[in-house]
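Data block below; observations after.
Which chain is which? They are A, B, C, D and E, in the order written, and residues in each are numbered from 1.
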């Protein structure tokens, strides 16, 4: 579905143009066309391929979707794939933004992205001195918008991790903790798969050998790179912490179990002693003088309770109970 | 076994030719010969070696099979080894495709590959504008076909992993889970051994210094590279997730065990108390007034059941039962 | 908040100048201006941006704070972000120092840093032969001050780790140990996030291609690099040791538990034997000759205690008790 | 001990020569001398050092033995150390082959190598077209022979691992498994120490800057490199699989233990119930009407066995027994 | 403390010279001065700084000590820090050797080093053809001496590890093993911190761009590099083996525990059966015909012992006892 199709010159909007006019406008010097598509059908992409002269392999990738983030050069043009990660409640929603860009055009294709990029266009149109840098500034603005949306996801993961950490040394919560840690690890991996390949790829847009039309916006792409590295470092910390937390959780389970075992041992000992002595005086020997004694029974009870009480006290003191 | 042997010129099929004619056809400018062999005998390879002038070490590798994926340059020709991984039910079947390729020929040798590559030839012959790129396009088409067959394998591994994940927090399934995780890890390693070395090698076909006859198809090989990276990233995720799942599974086992221990401790305590008091009133002291009482027995039973009931209630409340 | 704003020439202080005069002084050859800000408001930064002609993206980073350590070139100027880590009792306090530097100015902006950098300025003014190296020496002095503050933090982490190590083989302290190890790991990660990215970045200031105005101070930046590497190596050792300590702690828990189990087994056996024999002589068969015997009871007791004593001795000898 | 000392020219054997004649023969153009020593004494090495003009450090290394695999250039000559790993039953036997090689000589020194390299010489002499490549082909042939001997070792390790894997999910074999896994890991490390450094070093003999006299045999050394990489990949798989197997083995131990605990709990419950009720009817209250009843005893027994039978059935159904 | 201060020319000792004469001698072409200090005071270093014209930062490092191993270039001179590790009984003693070296001088400063380097000087003076290579040979000789002292430390660690391995599968030694493994890991880390940074640094002295006065001794530094790599590989093996050993030790603990649990379960079952039947015949029902029988008691005992004996036999057979 076509969202909009606009021609710009020297940072100012020339006109909303029709799709058929694209191939004319991209011939005008100092002018570039910015087209936005959303879940396009195959036919729409074919039209674009013809208007912009896009490479077949790149169009094929955009058609299929589910690509890894990447930045590929086809002659003087770039094909950029970035993955969006949005929060939908506490679920993560993945989408994809494919951008075809050259000196004289930007074609963005979004798939499964909930929140659109109209804001990016609006902001760019309000800053003509920046938009005047041309199509590479639009590329920056789109990538920056996608990357900025990673931050709340990282924040959510960190908050979830902190919540688990607060409960990790609390008895009885280990089953729950381990389930949440596992789920969190899964989410961190999803985000990492959006971030890490993009971090590898973005080096092509600043520093060394940069496509000609991106030379003037290098510092902006370095800024995106810097954001990606912050996110990547956070994800690494989250993953490492999850690993340690799983180990620690197992330790806590084992420690708790050890305490249960000690308690079991202690009570078993106490009742064992009690039952053993009751058994002694339940024996049927004829000559057991204490059985005849008037004070035998209370004395026996006193002895048995006393002994158990002493054991209880000892276990208590040594921390088993 | 010779499957077919065809000469092409400018993207069009010239003729099915005999093996003996190969050395003539490869002299014709702008012409290339595409030969496909299947489980060839040593003699067949020797003929090919002579017709194409192949290097002894490369032929030796093809004869022995069981090679690592690799791309080796011998003068102006390439020797490419890729490993096929096919699904046979839920088992993985490994095979090998060796490709000798130069500007004027492609010789593919398949071993233990169930599904052939006739479709690749058919498709190439229907797209003469692509086949006109020459032998390097055939190389691309063959590699692409092999790599495309990895995707269903990855999908199978991911489905299997998800199935295990669904059961990982269910009590009593841990023995089964751990067996399946171990088997899955084994399978992931097999696939990785087909993918990772190829990923290392394929950089030779795009980007930097590329063999002369592959220069025009660089973007196609970059596309294969991109597919390989997606598969590799998926395998890495699978492996990392398996590692975590094994740890989590162990934690679940230990947690379950802890619960069994608690239950054991609780019941032992209840029966211990019951038996201990029964033992008391089973003692043979002569002066135990309660034994004479008419209500002694029911009172004792009431006391014993009451005490045990209270213990049961307490254990229940603290989650031990 | 402006802390001070001073112009220097050939290592000597020229004058305290007003903010408005900055743009004049930075035009004077061989002269540089050193401005220090603390938690500046947006407007203050805007003034500085104009006076020094700072790049928008860099100023934006300084405004937002919470950056990763980095060294970015903007034309002939550098934007340096370093993170301070200070000890506040046994807590770690993180702050940030942003430095804008070029041949003719240094602008430092500190946020959340408790201990200021007045000492750095004082020391620099007392060593005019060093300050004469220009603004890059000031950059070195500031970075060196920040890095020197990492050492006591490392020392604190190492001391804490040694304290835990002293207790790791002591029974009963495992729960406490694991909590402290987890907390220590968290702290080590915080410090590492200040150190590691800076270590990656500082290579830009010595060795290969260095900004022109830093060429003369390369050896000083290499010294900072060396300090960072020592700290980084220490952190790596701490992290690796924590990992091993967590494993060892789990082993100790399991070993302790095994000993408790053995003790439990031993006592259960002793009381089991005792109760079993008491049960035998508590049976109500009519013809049990030993029950009639005068010595039956003491003999039975002697037998029971003797047997239990023997078991106790055996268990003791085999280390179960 | 001198094994043999032969001069070759254009791929053909010139003559068996005496040690003293070496320095003359190596002056003849297009001729090279191939000397093989075995556990040489210091004096023998000194003679060789003089005849060939070997570097002192290299000779010192050969004298001491126990070197890491390496390839060092001394001027126009190479000093190559490779480690042999041979199977002696299921034990691994390590040895060392030191090779001094230049355009006009090959000196091989073997230490602790059981199987000699006479076959290599014989095969080389039967293929004069290959031997005509000169001393670098001999170097290749020797290295290839050593590397080929790694394959059966890898196969043995893989067979051992598979055998353990077959038993890993069988109850009761865990103690044995863990011992065998540990031993296998040790063996894998030994092999890896022979392979990995050689893999690092062999890059010097093909690809980039190669010693002049090895240029013509580059493809052969690449072949050795390829074999080494296959072996290395196999070792990596073995090591990773061992790691997982140790984890899985621990999980199996814990799972088995959990089942034992459940069974213990179940039987303890059944006997506990039985004993508790026997204790009830063993109490000495005077007014226990059921004791007087004719059917009291069988009814009680029926009740007790029935209750225990019911418990048994319940435990059986829930998988505890 | 000054140990000695000698001038050398063409490999021969010129004279013991006074500290004040140093600056004269280092002006003489082809002559170099070799000074050895031990735990120098600040003033001594200041004198040396002036005589040799040392860089302030390097002198500062030597004054403070506790540096990481490193090799730094200051103009035409080098500042080398190596760490000594000596055995003191089975304890490891760390020290530091700082070497300032240029074409015309060597200044070595040792701190906390027990065994001195007089032997190095003596050996060098006895080999004038080597010493004639100049100051870089002295640097090599000193570094070689330090590195050679690492070998016995590695041997000690390996011996300790083997001793632990011999005990790892022996029951009851796990607590001791784990303590020793932890201590061994700590020691291995100490040694690694002396070796690994030096290995990174020493590449500056051979191979690529080497300081001018070291060009002639490159092969010697490569030899030191080779020794360092052997030591490093050994340490890596030790660390990896320790990691596995800790895991295996935990497995052994858990397996042993499982066996104790089984034994506990078996004995509990045997005594439980015994006590249960004793309880049956201890019931007070009036109509229990077997109680009246003359053979009741022996029959009951026979039955109880027989049943327990049978259980014992079954448990024995299944390996629980």
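Assume a contact is a pair of C-beta atoms (placed from the backbone, for glycine too) under 8 Å apart; a residue touches a chain by one contact, two chains touch by 3 or more.
Not measured: the values here are computed from a predicted model.
Path length between chain B and chain C in the chain contact graph, taken as the least number of steps between touching chains: 2.
Shared contact partners of chain B and chain E are D.
For the two copies, chain C and chain E, the CA superposition rotation is 70 degrees, given to the nearest 5. Centroids built from CA atoms put chain C at 25 Å from chain A.
Chain A and chain E have centres, each the mean of its CA atoms, that are 40 Å apart. Taken residue by residue, chain A touches two or more other chains at 247, 250, 254, 257, 261, 264, 268, 272, 275, 279, 282-284, 288, whereas all remaining positions touch fewer. The assembly's chains link up in one ring whose order, counted from chain B toward chain D, is B, D, E, C, A.
Put simply, chain A touches chain C in their complex at residues 165, 168-169, 219-220, 222-223, 226, 229-230, 233, 237, 240-241, 244-245, 247-248, 250-252, 254-255, 257-258, 261-262, 264-265, 268-269, 272-273, 275-276, 279-280, 282-288, 319. Residues 55, 57, 61, 67-68, 70, 72, 74, 172, 174-175, 178-179, 181-182, 185-186, 189, 193, 197, 243, 246-247, 249-250, 253-254, 256-257, 260-261, 263-264, 267-268, 271-272, 274-275, 278-279, 281-284, 288, 290-294, 296-297, 300-301, 304 of chain C touch chain A in their complex.
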